[in-house]
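Each chain carries a letter (A, B, C, D and E) given by its place in the written order, and its residues are counted from 1.
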Amino acid sequence: MNPLHQYLLLSAMLFSVGLAGALVRRHAILVLVGIELMLNAANLNFLAFWRYGGNPEALTGIMFVIFAIAVAAAEAAVGLALIISIYRHLRTSNVDEVNKLNG
Amino acid sequence: MLGSGILKGLAETAKNFVGSYIDESGLTTIEYPDERQTLAENTRQFPFLVFDGDDAMKGLRCVSCQICEKECPPQCIFIVKSKDKKPDHVGKPQFYPATFDIDLSVCMSCQICVEVCPFEAIKMDTEFELSTSDRFGQLLLHKGQLAKPNSHFQEIHPTDAAVSDAALAADKAKAEAKAAADAKAKAEAGIPRPLASSPEAVTIPPALGPPNLPM
Amino acid sequence: MEQIDQIFVHLKHGVVAFLPEGLQPLVSILISVTAIVLVFPLLFALTTVLERKGLGRIQNRPGPNRVGLPRLPTLFPWLPKLRLAGFGQFAADGIKSLTKEDIVPREADRVVHFLAPFVLLVPVLLAFSVLPVGRNMAALDLRETGLLFFFAAGAATELSVFMAGWSSHNKYSLLGAMRAIAQMISYEIPLILSSLTVVMMAGSLSLVTIVERQSGVNFGFLHGWHVFTPWGFAGFWLFLIAACAEANRTPFDLPEAESELVAGYFTEYSGFKFALFFLGEYLGLFAISGLGITLFLGGWLSPFTFLNWMPSWFWFFFKLFLMIAFFIWLRGTLPRLRLDQLMNFAWKFLLPMTLINLVVAALWHFTNSWNPALRWLLGAILLTFSYWILGRGFEAKFRPRTYRYAS
Amino acid sequence: MSVATESPAPRNYEVVPKTSPEGSELDGELLEVAMGPQHPSTHGVFRMDVVLDGETVVKLKPVFGYLHRNHEKIAENTSYLGSMPYTDRLDYFCSLTNNWAYALAVEKLAGLQVPERAEFIRVITAELTRLQNHTSVCGFLLQDMGALGTPLMYAFREREKILDLFESLTGARMMCNYMRFGGCRCDLPPGWLDRVRKIVGDFPQFLDSYEALLNTNEILLARTQGVGRLPRELAISAGVTGPMLRACGVDYDIRKVDHYGIYDRFEFRIPLGEQGDVYDRYMIRLLEIRESLKILQQALKEVPGGPIIDPKAKLRSFRPKVGEAYGRIEGPKGELGFYLISDGSPNPYRYRVRPPSLINLTILEDMCLGQSVADAVVTLGSVDIVLGEVDR
Amino acid sequence: MSLRNLVHSALCLAVSLVGLALIYLGLDAEFIGWIQILVYVGAVSILIVFAILLTRGTEAPAGRITFAPWSGLIIAGAVFATLAWTVIKSKALTEITGNPSLDVSFVVKNIGGKLVAEYVLPLQVMGLLLTAALIGAVIIALHERKGLK
C-alpha cells in the first residue's frame, strides 16, 4: 500500500459519495453537487497519477485538471442556471417532478 | 472627462481637512463640559419665579392669578391659591401661591407663561443642565426650587430685567403717589386711616439704570 | 542602518537559535504568526481612531479626542488625566465590544452564525503571510504561487459573507450578502486581471520576487516601481478601484450601505462578533492595500535611492498608511453607487480597461529596445484614449444641467 | 391613519405567500421588507413597506403615524396663542415659517395689521429658515446616498450660524415661537442685523464650495438623474407643492402667487426643473438658496423702524370674531397652510394644517416603482419630509 | 450529502473542497490547490448557494430522501467496492513507486508555456466553451424575466 493507493482509495470514496448523492437526493442542486464531487474525485486521480507517475515533467495530469476545473465551473454555471429556470417554470427543484416531457 | 467631478470633490474635502488644522475657527464644535458657549441674552430654558428681597417665600411676586396655568400650552403649571393674603411690592394685599409646581418633563420652554404674566412674576431661566437621576420626583419642581431672586434675573437677562424693573418701579411710584394722595386726602378729610400694610414688608431692590430701551 | 532594517529578522533568528534543532521551524513559524496577529490588529485599532479623526477633520469637527488613559486615582494618585488626543478610544471600543451582550437572533442558524466571523478573519490573516513587509520579512515566500495564494484566501472570505448574511435570517443581511457576493465576484476579475500585468512583467507569482524586480533605478535616483510605467500607473488605479470594491469601501460600500440596508450582512451581529467582522473588514483592506503596494508601489522599497538608508519595513508601513489615508479620504467625499451601476462599472468599464492594460503591458514588454520616452508616450496615449472612449458613454448619459427661471 | 389597521410588522424573514395577485410566475421571488420605523434612512419614525423583486421595488406602501401627537385636536382645545409653540414642532426644521403661516391665518381671522418692521423681520427670518432647511436637506439627501455625512456636516456648520441668530433673536434655536398675531414677539437685539448681513454675505462662498464638493460628481449624477421621476401631471393632480413641484417644471410659488407679506417688494426668480427627478429637486433647492440670498440682501438694506406688533393685538383673552380663514405661505417644503374656524371663543372651533411634507409624500410609491431600493431611499430623501409635520 | 438543510450541504461541500485542495497541496500541486480554492470555494460553492436561495429551497423539504434511497446507496457502495478492489489488487499500481521528492519549482512556468504551445487548441476550445457557458447561463436565467414583463 503506497501513497498512490491511498489517494486512489480516497478518490474512489469521494466518487462513491458523489454518486450516492446524485442518485439518492432528489433536489436538482444536490444532484449537481454530487456531480461536482465526482469530478473532483477524477481530478484527484489525475493529480495522484501525475505526482507518482513516471513522467511528472510532462504535466499532463495537471493540464487535464486545469481543463477539468474550467469545464466543471462552466457546467456548474449552466446547470444552476437551468435549475433556476426550471424552478421558475415549474415551481420545483425536485428532479422527479420535472416530467413535462413525459407527456 | 470621467472623474473630474470626483477630483473636484476630493480637492474640496482636502481643503477642508487642511483648513481645519490651519484655521480652527472652521471647527464649530464646542467641547462642552470643558468649554462653554456664552449664551444669547434671549435664551430661554425653563421658567422660574422671581422674588424680591432676601426671603424667597416672602418676596415672591406671584399673586396666584393662575393666568399662566390657564395659558400654558402643555399645561405643566399647577397652582394652589393661598387662603390668606400678603402684601405685594406696592403694598397691596394679594394672594400668594400656596403651591406652585412646574413639571419639567412636560414644559416645552415656550415662554408663554412669561408673556401672559401681568405681574412680572415668572421669567425664563438660562440654566440648561436640568437633568436628574430621578425621573419621578425630581422633575416636578416646587415653589422653593423655582423661586430665584430678582438679582438673578438682572444678571441673566439685563435688558428685560431693566424693562421689568422700570415697570415695577413705575407701578410702585404710582401706588406711592396714590397712597400719598389718598393719605393727604384722608388727612385733609380728617379721618386718618392706616395703610393697608406696613411699608417695611416690601423691599424693592434699587432699580437698575434708567430704562434706555432699544426700540 | 542595515541593523535597523533587519532588526526584526535578527530578533527572530536570535530567538530561534536558542531552541533545539527540531523545534526551530515550528517556532519560527509561530513567531511569524504571532507577529502578524499582533501587528495588524494593532494597526487596525489605530486606524479606527485615525479614520474617525480624519473624517472628523474633513467634516470640520475634531473627531474623538477625549478618551485617553483611565486615571485610576486609587492606584496612581499622582497620575494626571491623560487624554492622549483621543487615542485611547480604540481600547475603550474594544472593551465595550467585549463586554457587550452577544445577541443571536432567535431564528438564526446558530452554528453558521457563530462561525461566520471566524471564517472571515482566518483567510484574511492568512493572506498577510505572503506579503513582504520588509526586506526578508515575508512570513511565507511561496516562490511558485504567492499571488495565487493571496487571491485564494481572498475568495474564501466570500463564503463567510454569505454565511453571515444567510444565517442571520434577516432580510437586510440577506440582501447585503447577495450584494456583497455579487460585488466581490465581479470585482475580483478586474482585480486579478490588473495584477496579472505585474505577473506578466515580473514573470513570477512570488510577491518577494515582484518587489525585487522593482528595485531597478531610473534617472539615477528613482526606483523602478511599476507605477512609474503607463501600464503600471493605469493598473494601479484600476487595482485601487477594484480593491476598494473588494474591501467594501466607499463608494462601493453597498453591502453595508447604512442608509439602505442598515448594516448589510452583519446587521444581526453584536458585541465581539461584530468587532470581529469590523476587524476582518479592515484587515482585508490592509491586506489588499499591502498587495497593491507590493505589486505597484515597490513594496518595501524606498521611493528614492538616497532614502535607502531608512528601514524597509518603515517604507512598507508608511505606504500602507498613505493608502489607508487615501481610502479614508474617498470615504469622506464620495456618495455610494447603486448596484446596477456598480455592475455596469465593473463589466463595462473596469474589465475592458484591464484588458487594454494587459495589451499595453505586452506592448511595453516587446518594445524594450525603443526610446523610453516614446514607449511611455505610446502606452499613455493608448490608455488615455481608451479611457476617454469608455468614459464617453457615461458622459452622454449623465451630465450637469442648466436650469431656467420662471419669467 | 392606516396604522391601526396595519397588521403587526412581518416576521424578519418571510416569503410572500404563493397566492400573490401578480400571478404565480413571480411569487416566491418577492421579498417583503419593512424599512422602518427603525431604519437609518427613514428620517424619523417612518416606515416603508417595500416588496422587492431582487432589488427592484414592485410595491411600496408608506406607513406613517408613529409620531402622531394629536396636534390639531390639541390646538382646538387651547387658546389661539397656545397653539403657537405647537406649530414650532410641526416641521421642527423651520419653526419660523410655521409660526408665520399660523400667524397669517389668525391675522386674517382677526383682521390684524402687521407693522412694516415686523413684516421685514418675518421675511428675513423666513428666508434664513429656507436657507438652513435647504442646505441641510441637500446634506441629508447626500447622506442617504452614502456620502457619509460630509455634505451634511458642512450644511450643519452653516445651519449652526443661522440657528445662533435665531437663538439670539427668539431665545431658542429650533423651537422659536417667535411670531405673534399682528407682529412679532420681541424686537431685534442690537447688532442682530449686522450679524445677518455677515452671514448672508458669506453664504455664497459656502454655497460655491458646497456645490464644488459634489454637484458635478459623476456618482451623484448617476445616482440622481432619471431617478424618482415625477410626471408633471401627477404632481399637479396630487397637490405636490414646493421645490418638488417646481422641479417638475411647474411655475408655482406662493410668494409670487399670493403676494403675502411684502414679497412683491423684492426681486427674485423661481428656478424651474425639467425632468422632475431627484437631481432636479436637489438642484432646484440649491438654486432657491441663491434666490433667498437675493431676497435677504434686498430686505436687509431697508429694514424700517417702528413698532413690531399691531397695537390692537391682545395677548390674553384673544377672541377673534366668528368666521373662517386659510393662511398659507411658501414654506421651505411647500405650501404650508392653516385653516381655522372661529366660533368666537378663545379656542378655534376647527384647526387644520395642510402639511406640505405629508402631501408630497403621498406620491412616493409612484416615484419609486420599478426602481431599486437604493433609489427608493434617495427618492424619499429628495421629498424632504419631517415626520413631525407628516404625522402631526 | 445527507443534511436536510441545503445551505448546510453547500457549506459542507465548500469545506470538503477546501480539504481536497489541501490534499492537492500535499501532492505538491500548489498551483492546482490554490486554483481549486479560488474556483470552487470562491465561485462554484457561492454559485450553488445562490441557486439555493433563488429557488427558495433552503427550508423546503424538497431535498428529502424519498426515491429509492437504498438502491442508490447500494449502487454507490458497489461502485466503491469495485473501485477499491481494483485499486488494491492492481498489479500495475504497485509497480509505481513514485518519486517521493519531486522538485516542483518548474510547474507554474511550464503550465504557462504548455498552455500556449502544446495545449493551445484545448485552451481556445476551453475559452469558447466558457464564453458559451456564460452566455448560455445568462440567457437561461434572464429569459423568463423578459417574458414576464
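In the analysis below, a contact is a pair of C-beta atoms (placed from the backbone, for glycine too) under 8 Å apart; a residue touches a chain by one contact, two chains touch by 3 or more.
As the structure is a prediction and not an experimental result, all values here were calculated from the model.
Path length between chain C and chain E in the touching-chain graph (shortest route): 1. The chain with its CA mean position farthest from that of chain E is B. A comparison of the C-D and B-D interfaces places the larger number of contacting C-beta pairs at C-D. Centre-to-centre separation of chain B and chain D, using mean CA positions: 33 Å.
Averaged Cα coordinates give chain B a centre that lies 81 Å from the centre of chain E. Measuring from the averaged C-alpha position of chain A to that of chain D gives a distance of 61 Å.
In chain E, the residues that touch at least two other chains are 31, 35, 43, 50, 54, 56, 107, 144. Of all residues in chain B, those touching 2 or more other chains are 2-3, 6, 9, 12-13, 16, 26, 28, listed in ascending order. Contacts with at least two other chains are made by residues 58-61, 174, 332-334, 394 of chain C. Across the complex, chain C is touched by residues 5, 7-8, 11, 14, 18, 30-31, 34-35, 37-38, 41-43, 45-46, 49-50, 53, 58, 104-105, 107-108 of chain E. Within the complex formed with chain D, the residues of chain B that make contact are 2-6, 8-9, 11-13, 15-16, 26, 28, 40-44, 67, 71-73, 108-112, 115-116, 118, 124, 159, 214-215. The residues of chain C lying in touch with chain B in their complex are 54, 57-62, 65, 329-330, 332-334, 387-388, 390-391, 394-395.
On the side of chain D, the complex with chain B involves touching residues 78-79, 81-86, 88-89, 150, 154, 156-157, 160, 164, 167-172, 175, 177, 185-187, 189-190, 209, 212-221, 315-316.
Interface of chain D with chain C (complex): residues 11-13, 31-33, 39-41, 52, 55, 142-150, 153-154, 157, 213-223, 225, 251, 253, 256, 269-274, 279-280, 283-284, 287, 372-375, 377.
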